[in-house]
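Two complexes come next, and they have one chain in common, chain A, joined by chain B in the first and chain C in the second.
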Partner chain A sequence: MDYLINLIIFSLIYVLLAGGFNISFGLGRLLNLSHVAGYAIGAYTTALLSTDYQFGFFSCLILSGIFSMLFSLIIGAISLRLSDDYFAIGSLSFSFVISALLINWKSLTRGVLGIPGIPRPDIFTFSISDNLNFLIVLSIAVFLSLFFLNSVFKGPLGRSLKAQGEYSHALEALGVSSFKIRMYSFIISSFFAGISGCFFALYLSYIDPSSFSLSEMVFVLTIVIIGQPGSLLGSSLASFFLVFLPESLRFIELDPGILGPMRQLIYAVILFSTVYTRKASLFPIKRTV
Partner chain B sequence: MLSVKNIHFAIGEAAILNGLEMSGKDGERIGIIGPNGSGKTTFFNCVSGFITPQKGEINFNGHSVIGTSPSKRASLGIGRVFQNFGIFRDMTVKENILIALESRDQNNLLSFKVSKEHLDEIDSLLNLVGLNKHLNSKAGSLSGGQLRLLEIIRLVAFRAKVYLLDEPTAGVSPKMKGQIVETLKNLIPKEALVLIIEHDISFMKDLCERIVVFDGGKCVLDGSFEEVRSDTRLQEIYFGTTN
Partner chain C sequence: MLDILPQLLINALITGSLYALMSAGLALNYGLLGILNFSHGHFMMLGAYLFLFFLERFQSFSLAIPVTIASSVMFSVIAFNVFIRPFTKFDMVLTLVTTLALSIILESLVSIFFGVNVKSFEANFEVYEISNIFITSLQIGIILSAIIGLSGLGFIIHKTVLGRKIRALASNSNAAQSIAISRHRITYGIFILGTLLAVVAGILLGYETNLSPTMGGGLTIKCFSAMILGGLGNFWGAIVGSYILGLIENLVVGVDIYGYSIPAGYKDAVSFLVILIVLLFFPAGLFKKQERRS
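Our next item is the complex of A and B:
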């Protein structure tokens, strides 16, 4: 039972993380490779505030989202003006900056040692130290987030974002600034990266920089691509699918040493075959004047 | 009122616009013709703001728009139909027009509900051009002619004051060309300024009172439809000879 709850919690954290990424990448086709850096910022914000300053649950949650948004505001202002490929490279370099800070700013982050003993603050009188209770709170947060994200997807912002991804000049010719639309999507998407980082830190009670590596970014990318970019239901189901799938390996007698690489291999095969078989339909053709 | 003065635009060594001058008044219908590569689309791109000329002035209603963004210019009323179709093919016909309406009315980006007025407006516009049964179809499934019609009514919905139409009949079946002419005549408000780039001069006959001819990045002829069509220089521009 505990094992199942554990997997569901991880899946839900990815539903949040990938749901946010689905706004900028799935709808807007912005290959924002700093999304996991926003996740890291959320996780470290919560870790530091709850261990060193005994911040409560809601302050940790909101501040994780806000710090991640502030970070994306800086990256966005600098790199969202770049054209697509350069934007991806620009965002990637920012994520390396964050990685380097996590590892080297030892007085704040304790470097590779990570931050242990992150407490799970009570929510008013409700204790979330029990995993089932934690799952309940996380589920509520995911439900509310999906509701909000869905309204973004279906609303004017979602429409403009999608249009911008297909033909940004045509969108501007209708009086909508592509830069503004990208920036909004970027900020909203990083808010969700931040709060998923908060849940991640509270759940594990220990974080270190290795959880926020480039391969984590590729994992989130895989979730959104498999679920079909722009589909919130898709990325949510894909989160569960990809978290549960490698668990089936446990039932085959395998040396624990190959288990890790085996997971990566499975993900790689799935990602490649999805992209290969759906290369024509993943994204519409991009046009320009 | 749009006026463009002494526009120069070059990419590297290649001069594409060479001191282009032209102006148009509210309510005018101006046809623009010229050989391939004479700078017609580039001229539209300068007016829409997608490219910035190295030299020259572009004034709209008495204010210079040089340096303002394409979206700002569009909000001022400078609308555009693209040579390569400005329709979002991955979206439905309804969504394509909705974007224009929500931008026009400056709707809150995070609002959730689509307003009833907007839906009614979309319905009546689609009815006028016979696209109503395609309301929820992917725009990508429409024919060339239907895409052009959709792009034109999207600009009408946006309430553009200037219509920059870049070859609105390219890729359209001969049968539908007539419908496009009718749509342009009937749906664009009388007081709007309309500039139409078109290769087929006969298409302009009952649409444009004034024809401008581009060649080598300049405006070389400017006059009434009859004047321009009977001008011997027209042949020279198109075929390089006067026989």
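Our next item is the complex of A and C:
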């Protein structure tokens, strides 16, 4: 039972993370490879604030989101003006800057040792130190976020984002600034990255830089691509599917050293085969006039 | 500070040569195919591991080299036909995603077969000292192989018929194809050639530092950084960019300003920051006047 709760909690954290990524990548077609860096910033904000300064649950949650948003403002201002390929490189290099900081800024982040013993603060009088209670709180948060995300997807911002991804000049001819639209999507998506990082840090109570590597980014990318980019339901179901899938590896006798790379291999192969089989229909064809 | 400056410049030349070998193929690929290959650094890593494996297996240098070259050509043929070519006529994002997937596949395969631990080649090189500048025979080899490799490539591009075809395809693909230049064959050849250069660079890098399965990602970013400095798709720009990047990396870490210096751990972060600064102020690279905005 504990094992099942553990898996559900991880899936829900990925629902949040992938839901955020789905806005910028799925709708806006921006391959934002710094999404996991926003996740890392959220996790480290929570870890530092709750261990060193005993911040409460809500202030950790909100501040994680806000710090991640501030970070995305900087990236966005630099790289959102650029076209697809430049944008991917720019955001990837940003994520490498963040991981270099996490490893080398030892006075703040303790480097590769990570931050242990992150406490789970009470919500008013409700204790979330029990995993089941944590799951309840997380589910409420995920429910509210999905509600909000759904309204973004269906609303004017979602429509303009889609239009921006297909043919940005037509959108600008209608008087909508595509830079602003991309920026909004970017900020919203990194807010969700931040709060999912907060839940991740609180749940594991230990974080280190290796949890926020490029392979984690590929995992999130896999979730969104399997669930069809632009579909919130798809990415939510896909995160459950992908978290539960490699658990079957546990029942095969494998060397523990191989287990980690094996999981990455499975995800990457799934990602590739999905893209391969749906290469024509994954994104609508770019319109040209 | 001035007394270590000559040593820093030599180190910059060595790192720059490695980066130039790495990014030359990537820049050619981008110029011809218009795709960014995120798995380029992982091919370097794979090549170095293959060389290590064959060297331990055969115990012979002259046998390991051709076998490594043959097997990396095989891998690059597979990579090109499976991971890149089927997607070139679709959305550009798709090739970014598939090469990213390929890079993770290579990284995890190498981790599974060779283990995640750091490995190194067993070799000793003579150290020469010329008026307080230290240089090993390996480092001289790195500089020489960059000169030979790049001038060979430059000769092919600028002086041969093949090179004229390459330049024609890069400047206007449709017009070149209409006069019966096979885009497929040329991009194929260039991809394999670029991978081979990367494998050579990977082996040299393996001797110079050491090997780990996760080294590929950072190397890819360094290639991108050099390419962006010179303007994406600009072959000679990328090579000059590589040397500039090597210079920046060594100067930033080596020079201390009024007793304050940047810790060596940030050496890698420098190249990532270079990308961001260049993107912010010179979005089209240092040498290209062409505007490139979406």
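As a convention for this text, the second predicted complex is superposed on the first by the 286 of 289 C-alpha atoms of A that agree within 3 Å, B and C clash if a C-alpha of one lies under 4 Å from a C-alpha of the other, contacts with A are read in each partner's own complex, and residues count from 1 in each chain.
Throughout what follows, contacts are C-beta pairs under 8 Å (C-beta built on N, C-alpha and C of every residue); 3 or more make two chains touch, one makes a residue touch a chain.
Keep in mind that what you see is a predicted model, and the values were worked out from it rather than measured.
With both complexes superposed, C is the one of chain B and chain C in contact with more chain A residues. Residue contacts after overlaying the shared chain place A:L214 against chain C, while chain B stays out of touching range. Looking at the shared chain after the overlay, A:S160 reaches chain B, while chain C stays out of its contact range. Residue contacts after overlaying the shared chain place A:G175 against chain B, while chain C stays out of touching range.
Legend: residue contacts after superposition of the two complexes on their common chain; A:Y44 is shown touching neither chain B nor chain C. In the overlay built on the shared chain, the residue A:S151 is in contact with chain B alone; chain C does not reach it.
Of the two partner chains placed by superposition, A:F186 touches none, neither chain B nor chain C.
According to the touch criterion, the shared surface of chain A, contacted by chain B in one complex and chain C in the other, consists of residues 178. Interface of chain A with chain C (complex): residues 29, 31, 78-79, 81-86, 88-90, 92-94, 96-97, 100-101, 103-104, 168, 178, 213-215, 218, 221, 225, 257-258, 260-262, 264-265, 267-269, 271-272, 275-276, 279-280, 282-283, 285-286. Interface residues of chain B, counted against chain A in their complex, comprise 41, 45, 48-50, 69-72, 74-75, 79-80, 82, 84-91, 95, 98-100, 102-104, 107-112, 140, 154, 158. Of all residues in chain C, only 36, 83, 86-87, 90-94, 96-98, 100-105, 107-109, 111-112, 115-116, 213-214, 217-218, 221, 224-225, 228, 232, 263, 265-266, 268-269, 271-273, 275-276, 279-280, 283, 292-294 touch chain A in the complex they form.
The touching residues of chain A, when paired with chain B in their complex, are 151-152, 154-157, 159-160, 162-163, 166-167, 169-178, 181, 184, 284, 287, 289.
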